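What follows is a pair of complexes built around chain A, which joins chain B in one and chain C in the other.
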Partner chain A sequence: MTSSTQTAMPDSLMADSRAGQGETPAVRLTGITKTFGDNMVVQPLDLDIRQNEFFSILGPSGCGKTTLMRMITGFETPTDGSIELAGSSVDGLPTRKRDLNMLFQSYALFPHLTVFENVAFELRVRREPKKDITRRVQDALDLVRLGDLGERKTDQLSGGQRQRVALARAVVSRPAVVLLDEPLGALDQQLRKEMQIELKRMQRDVGITFIYVTHDQEEALSMSDRIAVMWKGRLLQIGSPQEIYDAPATEFVASFIGSCNIIPAISAGPGNAPTVAGIGEVPAVEVGAAEPVGSHVSVAVRPERMSVSASAPATGWSTTGTLTEAVYLGHEWRYGIRLGSDAHVFTTVPSTQLGPELGALRTGDSIFVSWAEKDARVLAE
Partner chain B sequence: MVTTAAQTAKPATVVKPRRKPRIQNGYAWLLLTPGLLSVLLLAVWPMVLVGRNSFATSDQYGAVTGGFTFESYLALFDPVYAKTMGYSLGIAAINTVLCLIIGYIVSNYIVAQSPQRQSLLLLLLIVPFWTDFLVRTFAWITLLGNGGPILWFAHLLGIPLDPLVPSQTAVMLALIYAFLPTAVFPIYASMRGIDPSLKEAATDLGCGWWQTHARVIAPLSTPGIIGAALLTFVPTLGVFVIPVLLGGGKELLVGNLIVTLYTEFRNQPMGAALSMVLLVLMLLSIAIGALLLKARKRSA
Partner chain C sequence: MDRFLGWVTKLVLVFLYVPIVAVVVYSFNASPRTSSWEGLSLRWYVELFGDGPLLKTLQTSLIVGIFAAGLATAIGFLSALALTRYRFKGRAFFLGAIVLPLIIPEIVLGVALLTVFGSSGIKLGVVTLVLGHLIVALPLTTLIMMGSLSSLDPSLPEAATDLGCTPWQTFTRVLFPLTRSAMLASFLLSFTTSFSNIVISTFTSGVGTTTMPLRIYSMLKTGITPEINALGALLILLTLVIIFAVGLQQMRRILVGAEEKDQAPDAAPDTISLQTATTER
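Now for the complex of A and B:
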C-alpha cells in the first residue's frame, strides 16, 4: 500500500511526468496519495504540469480525477506526498492562499449577486482599488463575451452564459493555474463544441495554466497540449494527444481513447512477432519493457489502420477471417470480422473506397485482413 | 467511434396547463367548515370580545358594563405602563439578537454534519417541547437557585456566587433557552438549501471564515434569519411565566402586566386595551419582516 515504486507506467513513459531541467513547473506533485477509509482513491503519483499548458486529466467515472483536483486546490488534504505551485511547497497552505482558482462543475455562482458582482468577488475580497476592479471585471466579461450582461442576476442566464461567468470569475485575478472540473458536462452537444473552441482560445489569450478534467476523450484530444490518462487512481500514460492516440501504453489507454481492436496473443520474446491463436505470427511493435516468452499479451490495432479485401493483397502480410457483419453508416461501412480462433475485430471502410469485389461479400464469407507492423502494438495485459 | 447524426435537437418548450382555481364547488367549503368554525370560535371571536371590551367601561368590581370610551387606552399613557412597554421591547430585542447569533452558529454547525447526525441533532432540539413550558421553567429555578448544581459547583471552586434566582440573568437565560430552538429551525432550513460548493467557491476566491459568512452564507440565509427574528421577537413580548418565576416579578413584561390587570386589578377594559396594543405591535413587526423579505426578493 505504501510503496512509492508502484507504478503503472513503463520507465520510458514515466519520463514525461517530469518537466525538463531548468524549467519550473506550474504544478508539481510528488508521491501524492489519497485514501478514504481503506479505499486508496489516488495511488502514489508524480506529475509535473508545465507553465501555460492546457493539461487534461482524462479517465472514467470514479477514477479519482476530482479527488486529485481537490488536493491541488487544497479542499482535500493528501494522505501522503507533497504539492508545489510555481516551485514552492503549498502543503498545509489553505485554499485561499494558493494562487489558483477552480471552475466548479455546478459553476457555483453566487445567486444573491449580479454577474458583475460575481466576477468582482475575488478582487473585492482581496481589497483591490475600486476603479481597478471595475476595469478588470469589465475586461474579464469582455473576454468571455458577456460585456453587456453585468447587471443581470445569475438566474437570468442560460447554461452557456453561466459557464462564461464562472470562467470570467476564475480568471479575473489572473491566477497562475485554473482548474476546471468537467466544466462542459451540463451543456448540450452543440454548446459543448462551441465552448471547447472558446475555452482553448481563452486559455491561449490569457496565458494561464489550465488543468482540465474530463471523461470525454474527444474533448481531451481536441483541446489539450498534454493528456494524462487516469484509471483506478493511477496515471497510466502522459503525453500529447498524438502520442496518446498513436502510441497507447496500455490496453486500457488504447481502448479508452478512440476505439481499438484488442487481439489476445502470446509473446515470443523481444524482437519476435507475437503469435495469435489460429493465425500464427502477426506483425506488431513492442513497446516498453519486453514481455517474457510465452506470456499473454494483446495486439492493439486501430480499426482505421486495418485494411480488408476480398482477395489476398499482392504484397505484405495478410490473414483471412470470417465476415460476421457489414453495416452501412452512410459515409463508411463497418465490418465485423472473426479472426483466428477467438478474436473479433472490426474495421471501417470509407463508402467512396468500397470496390465491387468487397461490396459483393456476404456475412460468412472469407475476408482478407492486413495491417502494417508500425500500426499494431504489443501491450501487456 | 463511428459518429452518428449529430443530436442537436433542442428540448421542446414545455407549456404548463393553466390550473383551474380549486375552490369552486360547494364540496370544498364543506370540507373547510370544521377548520373555519374552530378558527372563528376559538381565535376570532375571543379577539373580537377583547377588542370590544377594550372600549368598554366597567363598574367598580371590574365587570364590563358596556358603553364606548377611549379611557382605557388613554390610561395606558401612564409612565408606569410606558416603562413596562419599553422594557418589554428591549428585552425582546436583546433576546432576539442573542437567539439569532446562537441560532446561526448552531445551524451552521448542524448543516456541516452527516445527514444522520443532522436528524439526531434536530431531534435533540425538539425533545424539550415534549415537556410542559411551565415545568421547564421550574427546572431553571432548581438549576440556578439555592442548592442547585451551578451554585454547588461554584462553591466547590471557591467562587462566592449568590443564588441566580431571582435575577435578570436568570430571566435572560430562560428566555434564550425557550426561544433558541424556534430560532434554529428557520435558519437551519435556509442554510441547508445552500449549495456546499458555494462555500468552497468563496474559499477558493480568497475568503476566510468570517468573509465566507459575511459575503455568502449569511446573505443567503436571510430568509431564515428574518423568519427566526419574527418567531422570537413577537412571542417574547407576550411571555409572562418566566419573569414571575425567575425574575421575582420585579421587572414585568407586557404579558405580566396584562395578567395583572385582568386578575389582580380586575380592570378588564385596560387589560383588553393593553392586549390590543400588544397585538398591533406584533402585527407591525410581522409586517416589517414581510417587507424586508419582499425587498430582498426584489433585489435578488
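Now for the complex of A and C:
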C-alpha cells in the first residue's frame, strides 16, 4: 500500500493502520483526502477497519472525523483516494447501494411513522418479503429492549428510547458496517454510561462492524477494540485503548487522552536520556523516529505514574521540585509541583497511601519526584 | 376595558362577515336590481345556469387556477428544497428573484408580460394566463414550503438515502408525507390567488379565454345583476365544502402553518437539546 508518507504517524505505528495478510478488512481507505475550497479537512490517509470490530475515530470537533465518516457512507465524495467495503471498491457508488447504515447524531427518526414502521423502513424500501419484515423488526426491537413499544409514535419516546429505535433501524437489515455519529451526545450523564455498556453488548450480539465517531475519550476508551486518534485532518495514532493510553505516539495524543504531564526537554539522540532545563538528564523511552540531538522534545508522564516523597527514595532516579499546591479531592490528593526551571507538573496520591511525612509538607517545601523509565516517553512536538 | 375590547371584536367580526352574508341573502332576491329587496326567489340561480358565456369563464378560471396552483406548488417545493438544503453561490439572489414579484406592482408585471408575449409571438390564452398567475403565486408557495422544510431535521433525507431510498422514494416516503399540509396550503393559496386575479389576467387573457373575474368586472358596465350574487353564494358554498373535506383540524394546522408545533409539547424533555446539536464539518 502506498501514500503513507504524508501522515503524521511514525512508521512503526503505521503498521496498525493495515490489517494482516489474508483477512479482508470491513473498510479499507487508501489515500483518502477531502478538500473544501482551500481547506484540506482530511489529509491523505490510509486505514483498515477489521470485520466485527468496535472501531472509534476520536478527535476534537473540527478534526475531520465527521467528514471522514460521511465519505465512507457516501454523503461526501472524497477529493482523492479510494474506499473499499468488504474487499470491493465503492467509489462512485451511491449511499443507498453501500452495505452500511448510519446512526445519526439527531437520530433522524421519521416523525410521521411509528416505532415499528421506522425500523421496518429499510426492509420495505428494499422490498423484503412481508412475512419476514414483521419478524425481523420484532427481533431488532427485542435486541434494543423496546419489544413492546412498536406502535408508539416517535415523539412519545424519551431520548434514550429514541436512540434505541435509531439503533434498531440501523441494524435491522444486518449491514456489514454501522457508523455512529456521536450518538450519546444528547443524553444525560447517567444514560450515557448505561448506553456505553449497551452499545458494546449489542455490537457483540449482532456481530457488525461499528465505526464510532466521538470527541469523548472516555467513551472511546470504554467501548472500543481499537481507536484512531484524529487531529487537524490527520490520523495521529491507531491502537487498542491500552496502547493509546500507555504509549501515546505524539504530544497531542498524550494530552487529549486522559491527563498527562508534558515536560519540555532537549533530545540527546537515540539511546541517551533527554535533558530537562534545571534538572539534567531524566529517564525516558524514545519512541518512533529518533529526534536529532539538540532538538526540542517533550517528556510525557501520566500523573498517576509519578511518585512523590518527602525524602529521597533509597534507590533509583529522583529529582527535587517545589510543592506549589496540595488539593484534597476526597479519594486522592492532587499535588502541583514546579520542576527544574520552567516545568510545571501535577501528580495524584491516593488518600489511603498518604504517609505522615508527605502529609506534613506545605506549599513552598521541597518534594522528591521520581518515575520509572518505561513510564516516561520522549515525544516530538 | 374588557367590555370595550369585546365590542370591538364583535364589530370586526360583523364587518368581516356582513358582505358574505349579504351576498348569500341577496342571491335569493326576486328583484332584478341589487339595491332593493322584493322577496324570495331562485330566479337568479336558474339564470346563472342558463348563462353559457359566464359559465365558460368560470371553466377557464378553474382550469387556469388548477394548472397555475399545481405548477406553483411543484416549483415552489423544489425551489424551497434547494434554498433550505444547500448553501450554493447566488442563493440569496435566487431567493430574492423568486420573491420579488410580491413587491412589484401587478400592473407593471402585467404590462411587462404583455410586452414579452407580444414580441415573442406567443398567442394569448390559457397558457399565458397560467404563466402570468405562476409569477404571482410562486413567491407564496416557495415561502410556505421553505417554512415547512426548514423545520425538518436535515438528516431525514440523508437517513432515507442511507436506508436504501432513491431520490424519488425519499420524496414519496419521507418529504411528501412530512410536508403534505404545507403542500395543500400552497396549492389552495395559489389557486385562490389565481382564481381571483384581475390585473394580470387583463393583460394575459386572449379571445375566448376571459376569466370569471374579468367577466364580472366587465358586467359592471352593462349593469350588474343578482346572478352574480348567486354565483358568489355558490362559490362560498364550494369553499365551505373544501374546508370540511380537508378537515377542520387540518385546516387550522395549515392556517397556523406549523405542523411541527403540535408535536413538540408531547416530546420528552431531553429531546429538545437535539435541535441545537450541531454537526461538525
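Throughout what follows, the second predicted complex is superposed on the first by the 377 of 381 C-alpha atoms of A that agree within 3 Å, B and C clash if a C-alpha of one lies under 4 Å from a C-alpha of the other, contacts with A are read in each partner's own complex, and residues count from 1 in each chain.
Everything that follows uses one rule, which is that a contact is a pair of C-beta atoms (placed from the backbone, for glycine too) under 8 Å apart; a residue touches a chain by one contact, two chains touch by 3 or more.
Since we're looking at a predicted model, the values are computed, not measured.
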Inset, instruction - Check chain A with both chain B and chain C modelled on it and let me know: fit or clash. - result: clash
Inset, instruction - Once the structures are superposed on A, label A:125 by its partner contacts, choosing first (chain B), second (chain C), both or neither. - result: both
Legend entry - Partner chain in contact with A:186 - chain B first, chain C second, else both or neither: second
Inset, instruction - Kindly classify A:259 by the partners it touches after superposition: chain B alone (first), chain C alone (second), both, or neither? - result: first
Inset, instruction - Give one of first, second, both or neither to describe whether A:196 is in contact with chain B, with chain C, with both, or with none. - result: neither
Inset, instruction - Classify the contacts of A:61 with the two partner chains as first (chain B alone), second (chain C alone), both, or neither. - result: second
Inset, instruction - Compare chain B and chain C by how many residues of chain A each one touches, and report the one with more. - result: C
Inset, instruction - Identify the partner contact of A:96: answer first if only chain B is touched, second if only chain C is, both if each is, neither if none is. - result: both
Inset, instruction - Based on the superposed arrangement, let me know which partner A:332 touches: chain B (first), chain C (second), both, or neither? - result: first
Legend entry - chain B versus chain C as contact partner of A:157, first or second or both or neither: second
Legend entry - Partner chain(s) touched by A:348 [first = chain B, second = chain C, both, neither]: first
Inset, instruction - Starting from the residues of chain A touching chain B, keep only those that also touch chain C in the other complex, and list them. - result: 73, 75, 94-96, 101-102, 104, 106, 108, 110-112, 121-122, 125-126, 169, 188
Inset, instruction - Provide the residue numbers of chain A that touch chain B in the complex, in ascending order. - result: 73, 75, 94-96, 101-102, 104, 106, 108, 110-112, 121-122, 125-126, 153, 169, 188-190, 258-259, 329, 332, 334, 348
Legend entry - Of all residues in chain B, those that touch chain A in their complex: 1-2, 4, 6-8, 10, 195, 197-198, 200-208, 211, 215-216, 219-220, 300
Legend entry - Partner chain A, residues of chain C touching it in the complex: 153, 155-156, 158-166, 169, 173-174, 177-178, 260, 263-264, 266-268, 270-271, 273-274, 277, 279-281
Legend entry - chain C partner contacts - residues on chain A that touch it in the complex: 36, 41, 61-62, 65-67, 73, 75, 94-96, 100-102, 104-108, 110-112, 121-122, 125-126, 155-160, 162, 169, 181, 185-188
